[in-house]
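Before anything else, here is the set of structures, which you'll find just below.
There are two complexes below, and they share chain A, which is joined by chain B in the first and by chain C in the second.
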Partner chain A sequence: MTKTATTSLQRKRARETHVAAAVFLAPVVVLLAVFIFYPIFDTFHISTFKWNGIDANPVFIGLGNWAALLKDGAFWIAFRNNITIMVCSILVQIPLGLAMATFLDFGGTKKLNVFKILWFIPLLMSSVAIGFLFTYALATNGGIVSTISRFLGGKNIDLLGNPRLALFTVIMVIAWQFTPFYMVYCMAAYTNIPMEVFEASIIDGATKPQYFRHIALPLLMPSLKSAAILSMVGSLKYFDLIYVMTGGGPGTSTELMATYMYKQSFKNFNMGYGSAVAAGMFLLITCMALATMRLINQKEG
Partner chain B sequence: MKRTHVTVLGKRALAVALGVVCAVGLAACGSGSGSGAAATTAASGGGQTAAAPAPGGGDDKTIEFWHIATEGGHKVKVEAAIEKFNSTTQSGYKVVGVPIQNDTYKEKLVIAMSSGECPDAYVSWSGGPMNEYINSGFARELDALFDATPNKDKYLEGALAQGRLDGKLYGIPYHNTSISGVFYNTEIFAKYGLEEPKTLEDLEKICDTLLENDIIPFALANGSKWTGSMYFMSLAARKGGLEPFQKAVAGEGTFEDAAFIYAGEKIQEWVKKGYFPEGVNSLSEDDGQAKQLMYQEAAGMLLCGSWYTGTFSDDSKEFYAKVNWFSFPEITGSGADPKIQIGTVGDQFISMNCDGDKLKAAVEFATIFSDDDMIQVGIDNGTVPPFKGVVDQLTDPCTVKIMQAAADAPEIQLWYDQYLPPAVATAHLDGSQEIFGLTKTPEQAAKMMQDAMAKYNSESK
Partner chain C sequence: MDKYRASRVKSAAAWALAFVFAIVATVFAVMPFVFMVLNSFKEKFEMLQKGVFALPQELYLDNYIGVMAGNFGVFFRNSVLVLAVSLTLLLFVSACASYPLSKMHFGLADPIYGVIVACMSIPLHITLIPVFRMMQNLHLYNTIWALPGPYIAFGVPISVFILTSFMKGIPDEIIESAEIDGCNKYGMFFRIMLPLSKPGLSTLAIYNGVNMWNEFSFAYTLTQDAAHRTLPLAVWEYRGQYSMNTPMIMAVLTLTVLPMIVLFAVAQDKLVKGMTAGAVKG
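Coming up: the complex of A and B.
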């Protein structure tokens, strides 16, 4: 008797929880549906049309755009550029961010507040502002880099106009922009390491490098892994800074999937194909993110 | 312990997955917005865009006019015209101007069109993009209404020609005349005893003299791509006239024609000799990095559109007094008419997306720019409105010279990147930038352009 009463009470409580959950989640679900899921679905839908973006009568061409996309050298060059940015971003930004966070953590936060603030500033600037800033700084015509080089008796240095250097130049600027983010990320991870762990290791006679190598780093690893995935996804969908600084040029040397999508959709009046590029990006990024996560999970096990 | 660990990882996986979705969702938005729009248009009825409802519904006695006159003399002129129309018209309509930054104008227009919010009147540069608007039903044929306006005979035929498609008028020219040519610093020329060149060899000698004296021959900021295209167009037109281009566009010829290869080879020869600034492909025209070289007197010449008269005089009257202009010199023995010019007569055309009385009122508004007082506003602000008799009213020597060249031209070809279908224009701009970067041979760039043209021609048939 009492047992059934409890069960029904439990059921009631569970039901109420569900209702509450539904009420609280509804706004988010509606927003996601309208602004995320519908556009994604529609991107795939449009990718089956030949459409200039304004005509009222798009022409259905089935998988025509997709077949063209698979054979489109320019898209795969853009994808390769994305991969280059991704690899370099992970290899530069995260170790650098970790180093900066370690420096701040070991040095005692109060004393080094100046560094913390200085290093954080790039993250506060908008990408477009950073883009303009560096376009001027890197200009051969009186930019700071060339001016310094000439002052030291060298020649003008053309970092953005040279197709072999342009991509790496942009990667450095992106690193300048995002390393502070990983610094903050790692600082947060450091604060999650209990003080007792640090004290215990010091009492056991560990030096700072030993503490970092054998205690802190393993404890930071989960955070670093998610940082890597964040960096990966961010690099694959990158757009704004490249658009401002190089517009994908010279030639195709800094063309990314997102800038290529933009060019096709808006410059070339090729909205159908642009959507195929966007949808292709979606598939590639999702697959790569899922594969990476699976890889990480396996290693965990 | 193990279990909680898995849950944490699971949650993180979910978070990251959501992150991915958001990221790509945002990326997709660009095209997504267009598509949502398509649905709206389709829903609002019957495929044809004829009766796209006025934005916001409300007052349909208002003509919404999108333009890019956000600053300087252009702004003064457009505001004066709107003011004049609104205070004098008998049509019962009123024009409301919507100024939009040039940089994002085309994208905004595309989005407005695809979401059924196309303005009643809007400016374009004619050519490829205007043809897209026309073919998608966002521009009305204006011949009958235009012929009924009192000022119709004041328009230059060349200007109206650039507002037509298949012999029908869709865009009414209103703003400026711009042809490409070479501006030069007269003080630098005088200092080294140089004179305006008659032939390409003369021009190259001038360049060599400037180089010997550590002056960059040509100020060029080719990060913007269309700036370098000016050299390509000029060289190709002087080598082969306009026939190779017109044939290539019609699908009867090819962009791999000798004239285009010559233009590419000449540019690369000049790049190797150092006729252009270092890092030419990274300098940005929008940031004024070409004109800065002129102002610093680090460069002697600048080949660009003749709107530069306005740019120079706006920036510094003192500098403008030192500047003179010559038409791109002939290539000896090429047989091409050296009087041919490249440029635009009209430089912005007003197209209409409305019907009935409103369309009539909109045409009345668009032709108000040809009233004498409006022409005077344009001239006072350093432009050359595309109307008959304007040349006689000009006093500025540089502008007079330019307009004489335009008047003498048997043909004026619209800029390639405006005239060509957009996808071909992109191929041309990318290819010519790579020519300047020495990363593609002229033949490779020509093939890229020809492939895009052939693809367009085969799809539109």
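Coming up: the complex of A and C.
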């Protein structure tokens, strides 16, 4: 008798929990469904049409856009640019950020606070503001680099208008923007290393470089790996700054998947094809992120 | 003893080298910023004649006056409105979702949490065309009310991720004793979970607030007229009018960065912590 009473009470409580959980989760589930899941599905759907965004009757063309995408040189150039930016970002920003964090950590953060504050400045600006600032700061006439070059007796340098230099320039600007982020990230990772570990290694006679190479670096490795994944995903979906600064040009020299998608959809009004580009981009990013995570986890396991 | 001195010399040399690196890094970090602020106080021809790194001849404020006389107030008001609505709702719905995910036991908790968190790496461009179409059909296109929906949705994954782990840290004893005192799940949320999550919520407010304040892609796609646009697009508008007037653009840029600088000056540690909230175990 008491046993059935408790089970029915338990069941009642479980039901209450389920109802409460559903109520609390409902808003988020609805939001994600409306603004993320449905749009993803819809993008794949639209990608099977030839559609200019206005016409009431889109023409169904099946996998036509996808076939075109696979053969579209411009898209693959954009993808290659994304990869270039990704590799350079990981190789430049994370080591630089680590170096800055190491400098601050080894020097005692309090004393060197000035550096920390000044180094953080780029993070205060939005991508759009940075894009605009650098279009002017790197202008051929009266830009920073040109001014320095002339001061040293050289000529004006056109960094953003030259197809061979533009991508490199953009990579440098992106490094300017995000290096402080990885600096703060690495500083946080440093504070996770227990003080005792540092003390023990110094007592054992390790010099600071030895401590860094044999103790700190291995301990920081997991953080650096997730920083690399973060940088990877970020680089593959990069948009704002480049759209503002170069618009993908000159030519296709700084075109990215996202800027290409935007231009196809909202400038040329090929919404069907633009959807295929967006969906292709989504698939590429998802696959690469999953593969990298699996690779990293495998090595650890 | 010699060995000791040698290592001292070596370490001094290493520090000297490190300082050179630090100075160079500082010059790189600060120079574009100095370029922006310095030139915003110059007259157009002054910049061209005296060079970009010369100090302004006088405190020339006409650029700022010119910017403020334009639509700047409208952009600013729009940004504040969008931010206030989106951020409040985002924090509330995220906290709502994080409560059952962290403290209730039911079968679907893990899969739901997994799906929400997995949304973090979704590029917003895959939603751009459908959301654009949706806002047109709802007649919200070209109003600031097209923005909160996508802003909230794209803020949810990271917010739920951080708040769930934060709420897991709230001791079960507090919840149990409140339950014994007759508090139901809804009262629990408002009286216990929400107040105790304040530190997590404030970090998230900064992280999401900065992102929303700076958001460009949706704002650029879903609005068209200056009267309905947010601050990041202000520069766009002014560039159309003053494209050759670099000091004017620099004044607009300086003004758009100003709120962040004030925030940085007032709450440096909180801001730094908040802005890297997204980096906790990516």
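Note that in this section the second predicted complex is superposed on the first by the 274 of 301 C-alpha atoms of A that agree within 3 Å, B and C clash if a C-alpha of one lies under 4 Å from a C-alpha of the other, contacts with A are read in each partner's own complex, and residues count from 1 in each chain.
As a working rule, contacts are C-beta pairs under 8 Å (C-beta built on N, C-alpha and C of every residue); 3 or more make two chains touch, one makes a residue touch a chain.
All figures in this text were calculated on a predicted structure; none of them were measured in a lab.
In the superposed pair of complexes, A:A56 makes contact with chain B only, with no contact to chain C. Legend: residue contacts after superposition of the two complexes on their common chain; A:D204 is shown touching neither chain B nor chain C.
Of the two partner chains placed by superposition, chain B and chain C are both touched by A:A258. Legend: residue contacts after superposition of the two complexes on their common chain; A:Y185 is shown touching chain C, with no touch to chain B.
In the superposed model, A:K237 makes contact with both chain B and chain C.
Look at A:G247: by the touch rule set out above, it reaches chain B but stays clear of chain C.
When both complexes are overlaid on chain A, the residue A:I229 reaches chain B and chain C alike. Judged by the touch definition given at the top, the superposed model places A:A279 against both chain B and chain C. Comparing the two interfaces of chain A, the one with chain B and the one with chain C have residues 35-36, 38-40, 42-43, 46, 53, 132, 136, 139, 142, 226, 229-230, 233, 236-237, 239, 258, 261-262, 265-266, 271, 274-275, 278-279, 281-282, 285-286, 289 in common. Listed in rising order, the residues of chain A touching chain B in the complex are 35-40, 42-43, 45-46, 50-58, 132, 135-136, 138-142, 155-156, 158-163, 166, 222, 226, 229-230, 233-234, 236-237, 239, 246-247, 249-253, 258, 261-263, 265-271, 274-275, 278-279, 281-282, 285-286, 289-290, 293, 297, 300. Residues 7, 11, 14, 18, 21-22, 25-26, 28-33, 35-36, 47-48, 51-53, 93-94, 96-97, 99-101, 104-106, 108-109, 112, 116, 119, 121-134, 149-150, 152-154, 156, 160, 185-186, 189, 213-214, 216-217, 221, 232-233, 235, 239, 246, 249-250, 253, 256-257, 260-261, 264, 268, 272, 275-276, 278-279, 281-282 of chain C are the ones touching chain A in the complex.
Those residues of chain B whose C-beta lies close enough to touch chain A in the complex are 5, 8-9, 12-13, 16-17, 19-36, 38, 41-42, 47-49, 106-107, 110, 113-114, 129, 132-133, 135-138, 223, 225, 277-284, 287, 289, 292-293, 298, 422-423, 426, 430, 433-434, 437, 439-440, 459.
By the touch criterion stated above, chain A contacts chain C in their complex at residues 14, 16-18, 20-21, 23-25, 27-29, 31-32, 34-36, 38-40, 42-43, 46, 53, 96, 99-100, 103, 106-107, 112, 115, 117-129, 132-134, 136-137, 139, 142-144, 147, 176, 180-181, 184-185, 188, 207-209, 226-227, 229-230, 233, 236-237, 239-240, 243-244, 257-258, 261-262, 265-266, 271, 274-275, 278-279, 281-282, 285-286, 289.
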